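Consider the two complexes below, in which chain A is the common component and chain B and chain C are the respective partners.
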Partner chain A sequence: MNLVLVEHTEGAPTDVSLQALALAAGLGGETHALLIGPGAVEAAATVPVAVAHVAEHPSLQAFAPDAWASIICTLAERLGASAVIAPGSGPATDAMARAAVRLGEPLAANVTAITPGSPLLLTRVRWGGSLLEEARLHSGRALLTVAPHSVAALAPAAPGSVETLTPELADADLVVQVRDRVAPPAGGVSLADAKVVVTGGRGVGSAEGFAPVEELAALLGGAVGCSRAVTMSGWRPHTDQVGQTGNKIAPDIYIACGVSGATQHIAGTKGAKRILAVNTDPEAPIMSVADYAVIGDLHEVLPAVSAELRRRRG
Partner chain B sequence: MKVLVCVKRVPMTGGRIVLTHDEQAIETKHLGFAVSPHEECGEEEAVRLVEANGGESVVLTLGVAEAEEQLRDAMAIGVDRGIHLVTDGEEWDPEATAGAIVEAIRADESASGPFDLIFLGNESADSGGYQVGLRVASALGRPCATGIKALSVEGGSVRCEQEFGGGRDVYELPLPAVVTVLEGLNLPRYPSVPGRMRAGKKPLERTEPARPASRLERARLVVPAGEAKQAAVLGHGADAAAAVVDLLEQIGVAS
Partner chain C sequence: MTTAASALALVAVLAAAGIVFGRRALLLVNLVRAGKPVQRFDDLPARVRSEAVVVLGQKKLFQRLVPGLIHAFIFWGFLVLFPTIVMAMIGAVSKGHSIPWLGSQGWFAFLVDLFCVLVLVGVAGAFWIRKVQKPERFKGSHKGEADLILLWIAGIVLSLLLWHASRIALGLNEYPAGWSPLANAISNAFGTGTTTEALERAFVWAHLLLVLGFLAYLPHSKHLHIMTAAVNVWFGRTRARGRLEPLDFTIEDESAMRFGSNTIADMTWKQMVDTMSCTECGRCQDVCPAYATGKELSPKLLIMGLRDQLFAEGPSLLSGADFQPSPLVPNAVSDEVVWDCVTCGACVQECPVAIEHVDHIVDLRRHLVMVEGRFPSEGETMLRDVERSQNPWGKPQAERADWTEGLGVRVLQPGEPPPEVLYWVGCAASFDERARVTAQSTAKLMQAAGVDFAILGPRECCTGDPARRMGNEYTYQSYAQQNVATMNEAGVTKIVASCPHCFNTLANEYPDFGGRYEVVHHTELLTQLLEEGRLQPAAGTEEITYHDSCYLARHNDVLAAPRAIVSRIGRPLEMARSGKRTFCCGAGGAHMWLEERGNQINEERAREAAETGASTLAVACPFCTIMLDDGARQNGSELRVADVATLLAEAMGEGETPVTA
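Now for the complex of A and B:
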């Protein structure tokens, strides 16, 4: 049987957790789920598994990765789970890596496909999705995280049953725990949620050169992004960076201006529905992933586009 | 304070990844190398902490002989000395990597005292295992926070901030601790010419650990198919503005 760590928010399983459940279904056998923390009971009602286990403990109000690892290990051993699978989010990956250490097993992170057997054959993400690895996992108990958005999610549905467990936690399991939460900055459209993202790359030339990028983004109610070259030059803060080591975006249209299109950058744009590249170089790598292109200097193109938008709005 | 930063030499892949004929590695004949982006911030943070508090910063890598280049780069921005675990070019999996790093840390600590902080990247740019830092921390019995984008040392503890849903989660770890960091932690400095001159003379210790068999065994690498697109050219220069706005209207984002 397979055990899946299900993350939840506002009383419902997360999308990436439902994707992890879909990958687990491919292993065959019965699947159980584990939910931890506030809201777990409510969320468990829509997790489509044979048994949803809910861990309740007064010390689990805030995320504590070692405590989560302890619960994962105890339940996996009690159930005799042959595979333990989690969504490839930051907190779940953190807890799974700690569980792998406790169980003395390898962990395969960001898996996109599996073929049951011994060894288990799997495909996993490298280079933020720019490269895939096919691998054989030799382990007594397969521990995997699932790369977000690589598998179609299962539809939420009621579990066969819900069981509550009260974990025994050691003081050491609560040394690393979220002590405080700083709220997101108010106002503005976040890069992750924006329907339009206008990004400037090295071709913008300077911090001041972002004015036309900001103007177009504001007109479209979108967010401003930048490439790593821009961040490293100190022209924009890292919070604006799009790429493998920055923000992952999923807008209706991504307008990439003066961005060459290095694999590091493209790894953050795979969720974009359409890409429009504005670049002086028709041979730039960005052109091989773009749907539309304007060949020209962004400092001429963007002000003209903003002016045309204003003209049509009257 | 004594701070260690662990780094990994990776190719700078540029626009398109090309594999070797045996599909076991990236063809790097025409590529430069750097450390994973997160780790550059780890190096910068180690140097800043020692500048502010005194002590010693150390950089460690597990990698081929040529990875000395990355260790010297770190020393050029101010890291005091290096530890090079020299490999023959075969890839080490996360368990093996962590094992070798732990052994090197134990040897260094028994000779010159404990590290207050150990930085690693949250994940390497290339293999992306997301676990070496946690494995190192666990073997050493030290607390570990992952994916950290801001940190400050306050007395005997380190305050760490992790991005969560647009906001930040805050951890406070007692020292000594292990922290895996993300790019954005700081803006790494560029090495100066005198920094580069000094780097060549800083102490570098080399050992050659033996690689255990991998339990996550790579079969082959695959470049994802992805549709090779032919971008539709909407126009040239400012004359393209009308066509661009037509497109924005068509997909419903113009108003």
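Now for the complex of A and C:
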């Protein structure tokens, strides 16, 4: 039989968990599910397995990867599960890695297909999605995570039965816990998602020189970026850098101010639909990729554009 | 002591020293025998030559004159004084005897006397360097151990001198005493009585005990290099220093396949001898561009870290039990160290004992990248773009020949007869705005000289070099096979390459994949055209300093050709670090596509170039062009950075090529 770790939100199993169940079904044999944490009982009602095990413990209000690992190991051993399968989400992968260490077994992450047998034949995603690996898994108990959205999910349905268990947890199992969740700062637009990106390059001249760039970005509801030269000069943090080794952007309009347009920078702007360059040098490489250009000093051009925007908006 | 008793005592100390030495030596030999295979048994004449030049001639050590002389005195002294160990053994047993013939030779006595002095001068000089000069390169070395070894050597030589002096005082010398002036002079301090006889015994036994004690101590210390250095030099690279050893992915038995180095069990035997040869002199650390700009990497500490782990886990590994050696990264060296390296090879060039640091780094990267997928995240874009777009910037392959617009360069189509020379443009010169100028200049010059050439256009792909230097051997090999297939099918025999990285790969690494071509760098071809009078540039007065690219100068010995061009068109000025001891621009080893942490290597180099007073910095590599141009701008310098080919084209009156400011 196979045990599937099922994650859930708002009293329902997650989509990726239902995908993990689909992959488990392909292994043959009976499937059991394990649900942990607040809302597990409600969620268990729609998990299509023979038996849904719900782990209840006062210390399981917050995600604790070692506690999850402990529960996974204990249940897998008790049931004699030949495979333990989990969705390839962050928390589930974390817990499975710890379970693998406890069991002394290998963990195959990001699996997309399984051929039953001994050893199991697996296909798994490697290299950030650019390679598929065919692997043979030699282990006493197969531990797998499923690559999200690579398998069609099972439809939610009632389980054969629901069993509640109360795990025994050691203090050490609760050392790592989620204590707090912090939302990304509101108001700012991330470079990767912004519809408008305004970047400054060496031509901005200083950290203070970014004021007109920031002003224009704010007026357009866009994000501020910079070139590598700016990061190297310490004017802005690396998190603002656009280019090959920084952020890749895909805005509707990309306004490049005082940016020469080195290849390493342009490599990060391939997704931009339109490029407007503001530069004093008509020969700068940025001109060869720009759709529009203003030949002029950004410190004169940008304040004028901002002023005009304000005037029109009244 | 009677003769028999002395003989017994000698046998006893010999056996004791032999056992202590032998047990350790056996462990080291067994470790090396367990190392992974690497082909280093070919090229006999070159190995004999490097043994003569690098070991006997101390060539690498003489790259620094004073420390080189100091070491040469001690090393040559060790060779010259070697027979005196046997003489002392004979003398210890029977004081009236020595080595037949040699023991009575005046010239040999003179040599011994002379080298006793030179060794002592060497030891004193070494102490002066260590205690007075205190160079940075010893940072992290075992300095106390070095002091002990130096004192030990001084003790060995002093006891030998005193023994000789006492023998002369007693008239035991078989050679005329005048041949050893120093021992003779000291002998005047001794009488001829029983005290001197007792002292003579004491000196010879003190000398023997020091020598044998040293022998027993050697393999347990960093001074092991006395035994291993000559071996390591013998098995060092004999040609094509820029070539990396390919991994074999075609082995039937997958468990025997090697994906770089994870643990000591994955190291090749040469890599193991490397670590045993390091004597912590720090010359590598001194020239490392990463170390010089404050990075964590020190090539010396890298090798020491690997050595410490090899020695710590080696015995368990050899025991054959179920021992799991621990990963080298991060136990022996940190992840940061592995990624700091620009593979410039300055450390390898500098190392007097032929340690090949870059091979260690690349093997560590191979494991991290291919097995663990663990590398600086910004490098992923490059690796993905190389895989998907055939170039590291992810540009459309269809635009590869766009730089030729208006130049009328022939793009070789399938089935067409091959040109005399294939121009391998490379990704940088094909796509990068600044590097394109080089390609345009080179093409114009070849046209002006009437060279029959063509390019592959969209059929040219990345050579795979950046992926390979980053550790992704899979991607590299698939490109190697694809490019070799394209060129073999096209009947290519001669290639001119603009990029030293492409040049190195095409010339040194593609033969491993069945691609054997005559490969030249564009500066070599242009120099030939100048010599043949096919190009007639105007002489100029501009002061130009030339920056040697690591992959051109250090890895491939191309030094004269670019300088020949520079001196035809301007007034050359040399930087302090030039030729084979050049300083990297910071882009090698895939660093063109990685973020540098801390001080910038390119700014440091651009500063050095500006300090020559030259107005132009000539380069011969597209990455050097980009990096140093960025560095000069970042420094706020007026220095103009341009490829040698661009400068030559301008001197030919072909300067209308757009040059980006």
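FYI, the second predicted complex is superposed on the first by the 182 of 314 C-alpha atoms of A that agree within 3 Å, B and C clash if a C-alpha of one lies under 4 Å from a C-alpha of the other, contacts with A are read in each partner's own complex, and residues count from 1 in each chain.
Throughout what follows, a residue touches a chain if its C-beta (ideal position, glycine included) is under 8 Å from a C-beta of that chain, and two chains touch if they have at least 3 such contacts.
All figures in this text were calculated on a predicted structure; none of them were measured in a lab.
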A:A290 touches, of chain B and chain C: first, second, both or neither? first
First (chain B), second (chain C), both or neither touched by A:A108: first
Chain B versus chain C as contact partner of A:K248, first or second or both or neither: second
Per-residue touch tally on chain A - higher for chain B or for chain C: B
Partner chain in contact with A:D281 - chain B first, chain C second, else both or neither: second
Touching partner for A:A262 - first (chain B), second (chain C), both, neither: both
Touched partner set for A:H138, first chain B, second chain C, both or neither: first
Which superposed partner A:H238 touches (first chain B, second chain C, both, neither): both
Partner chain in contact with A:K195 - chain B first, chain C second, else both or neither: first
Partner chain(s) touched by A:A229 [first = chain B, second = chain C, both, neither]: second
Shared chain A contacts, counted only where both chain B and chain C touch the same residue: 126-128, 130, 228, 232, 238, 244-246, 260-264, 284-285, 288
Contacting residues of chain A [partner chain B, same complex]: 63, 65, 90-91, 93-94, 97-98, 100-102, 105-110, 119, 121, 123, 125-139, 145, 175-185, 190, 192, 195-196, 220-222, 228, 231-232, 234, 238-239, 241, 244-246, 252-253, 260-264, 274, 276-277, 282, 284-285, 287-297, 300-301, 303-305, 307-309, 312-313
Residues on chain A engaged by chain C in the complex (per definition of touch): 126-128, 130, 202, 228-229, 232-233, 238, 244-246, 248, 260-264, 266-267, 270, 281, 283-285, 288
Residues on chain B engaged by chain A in the complex (per definition of touch): 13-17, 26, 37-38, 93-95, 123, 125-131, 134-135, 138, 143-147, 161-174, 182-184, 187-188, 215-224, 226, 228-229, 231-245, 247-249, 251-255
Residue ranges of chain C touching chain A (in the complex, touch as defined): 373, 378, 380-385, 387-388, 393-394, 428, 431-434, 592-595, 600, 626, 630, 633-634, 658, 660-661
